[in-house]
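Two complexes, one shared chain (chain A), two partners (chain B, chain C).
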Partner chain A sequence: MKPSTVVTGIGVTAPNGLGTKAYWAATLEATSGIDRITRFDPSRYPARFAGEVPGFVAKEHLSSRLLPQTDHMTRLALVAADWAFADAGVQPDQLDGYDMSVVTASSAGGFEFGERELQALWSKGSKYVSAYQSFAWFYAVNTGQISIRNGMQGPSAALVSDHAGGLDAIGQARRQIRKGTPLALTGGVDGSISPYGWISHLASGRISTAETPDRAYLPFDAAASGYVPGEGGALFVLEEANAARKRGAEIYGEIAGYASTFDPRPGSGRPPALKRAITLALQDAGMAPQDIDVVFADAVAVPELDRLEAEAITEVFGPRGVPVTAPKTMTGRLYAGAAPLDVAAALLAIRDGVLPPTVHIEPDDGYQLDVVTGIRTTPPRSALVIARGYGGFNSAVVVRSAR
Partner chain B sequence: MTRREVAITGIGVVSPGGIGVPEFWSLLTEGRTATRLVTSFDPAQFRSRIAAEADFDPAEHGLGPQEIQRMDRAAQFGVVTAREAVRRSGLDVSTVDPGRIAVSVGSAIGASIGLEEEYRVASDDGKLDLLDENYASKHLYNFFVPSSIVAEVAWAVGAEGHATMVSDGCTSGVDAVGYGCELIREGSADVVIAGGTDAPITPITLACFDAIKATTPRNDDPEHASRPFDASRNGFVLGEGAAMFALEDLEHARQRGAHIHAVISGFAGRCNAYHMTGLKTDGREMAEAIRVAMDEARVNPEDIQYINAHGSGTKQNDRHETAAFKRSLGEQAYRIPVSSIKSMIGHSLGAIGAIEVAASVLALEHDVLPPTANLHTPDPECDLDYIPVTAREQDTDTVLTVASGFGGFQSAMVLTAPGASR
Partner chain C sequence: MSDKFTIEDLKSILRECAGEDEGVDLDAQILDTKFEDLGYESLAIFETTSRIEREYGVSLGEEALNDADTPRALLDIVNARLLSLA
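This part shows the complex of A and B:
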């Protein structure tokens, strides 16, 4: 029997709350963090809303030495990692470096940092490019910086699969725990709310151009017109269950199942692969569909993609067969940070016996989903988290109560 | 229960000086170098103006006009090498459940050429702070998220299993192969298309390595500019390329009568948790990765017959790595031939780790060890047998290949000949 992997610490930086407590309180109160972009003037663009993390002052958390060498999203990640360790009651400097792995997900790296250096190069010349560009922008930056800050020397990685990567990172961290690394820090904190990042998001053709923030991100609603990008995410401390219990750690829940699939080539006529990812994740957890108490949907809010997701869910669980929610309607989609934030919400939902809501939407009956549009107090013991990435990535994680 | 073993049954390579496996292997065994002054743009403003460029025409390798337009050069390399790997494996993918085929692509910096070109246009060479989306390509999102490269590879080979990009800086290539092995061993895939690709020869990449003086300024002698382990070396030469492999469950491969190039018998990665670009001289974490990879492969230092080194040609790397070999292999380190193919094809960041796996596999198969070109006067602190200048024939059953990357990543893989008896 494979050792079981549990979550003992959570660190959150989210657009509707900095820190796990603030995020969760806002989520249960249905408070959205989506608003007009403040990081640059968005007036000239067709889309002007994003989920920005509020009240984050990097120098309150990080040394002045780190600031010039880190992108905004890396700073958020370093702080989320600190909080995850503190929450787990683990002092990384007390552990052997080889006993700790870091596996994070990224979508586009430290993009705002890279944009600034591209501007320096092309407007002023190569001598103006920062000595930190070689690593502040690349996709492995958060893994490397978290490893250095916390002395973590175990098998580590950064994975990139667009919005699905956060779950793939959790899956890979669980592999390392199963292979014998006692602790892994994993998840994703991401963000690219900068002008070049913005026109890149726009090029996906999936960004909402709605005129008000509460109409901008409406998954499974007949008025769905695309999504809102956001920044932030969540990081977790994972440990082998027995070791965690032995040290008296508080356990949020178990990473019980994980699977990932890729959609067939466009035009191949073959069926999409999301349903298979869900089924395989359930199998991996040794659970049946009726054992799942709530589904955290990927919820792109592009009608065709909502339809595909609704079909996969109803094929596995039956029409309106399971409560489905998308608290990301309060944060926007956080790219590699999106699914980890959903995993955090799922674990907190299990802890507190509530289902967090999907806000602003009126579910389209055609999807045949039981969407949680207001907070519900049916205590969940398990949850399925779904994430998809541009191009055809499908990943699914099952979390369940460890009690 | 015996563990599932992982066979390499197909190889594809795009390398400077050698597109396709035979050309790549000729270059290495003849000890020729593919380093030269940058031709893809004017490098006049840079401190280091040298690179190892691949003379690669995507149309010649079967990519259509639409594929060429939507794919960055790194994606083109990835697709062409993935197709070559599948072709050479003799695997009829239509006989395999697509859901059992996974894809694991390593890349350090993804679609950097596409990103920089689009930036230049949309910002009007940096004049606009607020970039003009009307001047951006419809395919910009493909350059923005490098996972688009993974999608292209999956489509090219018809994979519908797990697919992801492993981006661990300069260990990405070997780490992606190691990640693919793990998928087969745990039983979540039967076939994995795994490898690495990068096309980093762009102004912004030259500028960022100039800024930390990591690349060599030997602009007056580009053909001999990459000099790992030589006393006169003064930085690495940027390269580009890709290598992809068809990995299969060994039993699956045997049952279909596949030609098995090598077995991946051990892989491990560790981090130095020290510095994003710096290395400690003691080589401790790389040594640990080597030790764990040998342990997984059930081999001892006495069994290792060749080491394909990271050998980037920076002073700190060459000394770090030499120390790591001594620390992990003891006295055996002085006996085992070591070489760096970066002396010939440069350092292609997230691709090179996979290209070095390809070189290691070919060394096993052909019993020829590629040399370290341009090595005439060894650094006295690098006192191992680095196979200077000329390839060496040697019966070889067990090879170690290592990689070291920004972010502190240190990786090691042990490859063994399929018939090797231990």
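This part shows the complex of A and C:
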């Protein structure tokens, strides 16, 4: 039997709360962090709402040595990693570097940093470009910086598959645990809320241009008109279950199943591959659909994509066969950070015996989903987290109580 | 701008473009401390020398990067260049 992989530490930076405690309290109170963009003046853009992480002052958490060389989202990631270690009761400097892996996901690297340096290049010349641009923009930068800061030299990676990436990272980290690395730090913290980043988001055609924040992101609602981008995410400390128990760690739950699939070529006539990702993840967990107590949906809020996701869910679980929730309606979609934040919510839901709500929406009956529109106190013991990435990526993770 | 590049000038550029490591005091006697021991790796020195080149209008070349492993050595190279410009 494969060794079981458990989560022993969580670090969260989210638009509706900085830190796991603040995020979870806000989520259970249905408090949204979606609001008008403050990081730049959005007035000339068709979409003006985002989920920005509140109250984050980088220099309160990080040495001045790190500030000139890091993008905003890398700073958030370094702090989330610190918090995940602290939460797990692990001091990385007390462990052998080769016993610790880092696997994170990214969608666009340090986009804001890169934008600033490109501006310097074209307006002033190459001598004005920061030497740190060489890595600060890069997809693997969070993995690298977390590795350097914490002396983690085990097998490490960066996964890039848009919103699916956060789950793919967790799947890859679990592989490292199974191969014998005692500890892995994994998940995703992402964000590119800068003018150039914003233009890139808008180019997807999936960003909501609604006029008020509470109408901007309405998945599974007849009024769905696209989503709101956000920043932040979650990072986890993963360990092999027996080792974690032996050191007396508090265990949030097990990463019981993972699978990823890729959609067939458009026009091929073959069915989309999301359902297969779900069934493969269940199979990997050795669980049947009725064993799943709640589904955390990808929830793009683009009608066609909502329909595809609802079909995949109802085909596996039956019409209204399982509670479905999207607490990301309070944060916006965080790209590589989105699904890890859902995994954090799923683990906290299992810990506290509640289902977090989906806010602002009136579910469209046509989807035949049992959407959790208000907090429910039916204690879940397991959850399925779904994520899809632009271009055909589908991933699913099953978490369950380790008790 | 003064015609001589001082340790204070260097410290201010280091702080601005590479920051200051926890546990390192740039205001201590650092003239002969290796950059490495001050917490600056080659990229930080690269960033620092290119800032000096920009602000002082000198070209330091690879010599500064390769040979100047302490603040004193870097000051000497910069001041020699400034002198040759004068």
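Operating definition for what follows: the second predicted complex is superposed on the first by the 403 of 403 C-alpha atoms of A that agree within 3 Å, B and C clash if a C-alpha of one lies under 4 Å from a C-alpha of the other, contacts with A are read in each partner's own complex, and residues count from 1 in each chain.
What we mean here is this: contacts are C-beta pairs under 8 Å (C-beta built on N, C-alpha and C of every residue); 3 or more make two chains touch, one makes a residue touch a chain.
Bear in mind the structure is a predicted one, so any value in this text is a computation, not a measurement.
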item	value
Contacts of A:Ser107 with chain B and chain C, given as first, second, both or neither	first
Chain B versus chain C as contact partner of A:Asp162, first or second or both or neither	first
Touching partner for A:Ser200 - first (chain B), second (chain C), both, neither	first
Touched partner set for A:Pro68, first chain B, second chain C, both or neither	second
Which superposed partner A:Ala222 touches (first chain B, second chain C, both, neither)	neither
Partner chain in contact with A:Ser134 - chain B first, chain C second, else both or neither	both
Partner chain(s) touched by A:Ala86 [first = chain B, second = chain C, both, neither]	neither
Partner chain in contact with A:Tyr390 - chain B first, chain C second, else both or neither	first
Chain touching more of chain A, residue-wise (chain B, chain C)	B
Shared chain A surface residues [contacts with chain B and with chain C]	69, 127, 130-131, 134
Chain A partner contacts - residues on chain C that touch it in the complex	15-22, 39, 43-44, 46-47, 50, 53-54
Residues of chain A defined as touching chain B within the complex	40-41, 44-46, 69, 97-98, 102, 106-108, 111, 114-115, 117-127, 129-131, 133-135, 137-141, 143-145, 147-148, 150-162, 165, 168, 172, 175, 192, 195-204, 259-266, 270, 273, 276, 389-393
Residue ranges of chain B touching chain A (in the complex, touch as defined)	45-46, 98-99, 103, 108-110, 115-116, 119-120, 122-123, 125-127, 129-133, 136-141, 143-148, 150-151, 154-155, 158-169, 172, 175, 179, 182, 186, 188, 203-204, 206-212, 214, 268-277, 285, 288, 405-409
Residues of chain A touching chain C in the complex	63-69, 127-128, 130-132, 134
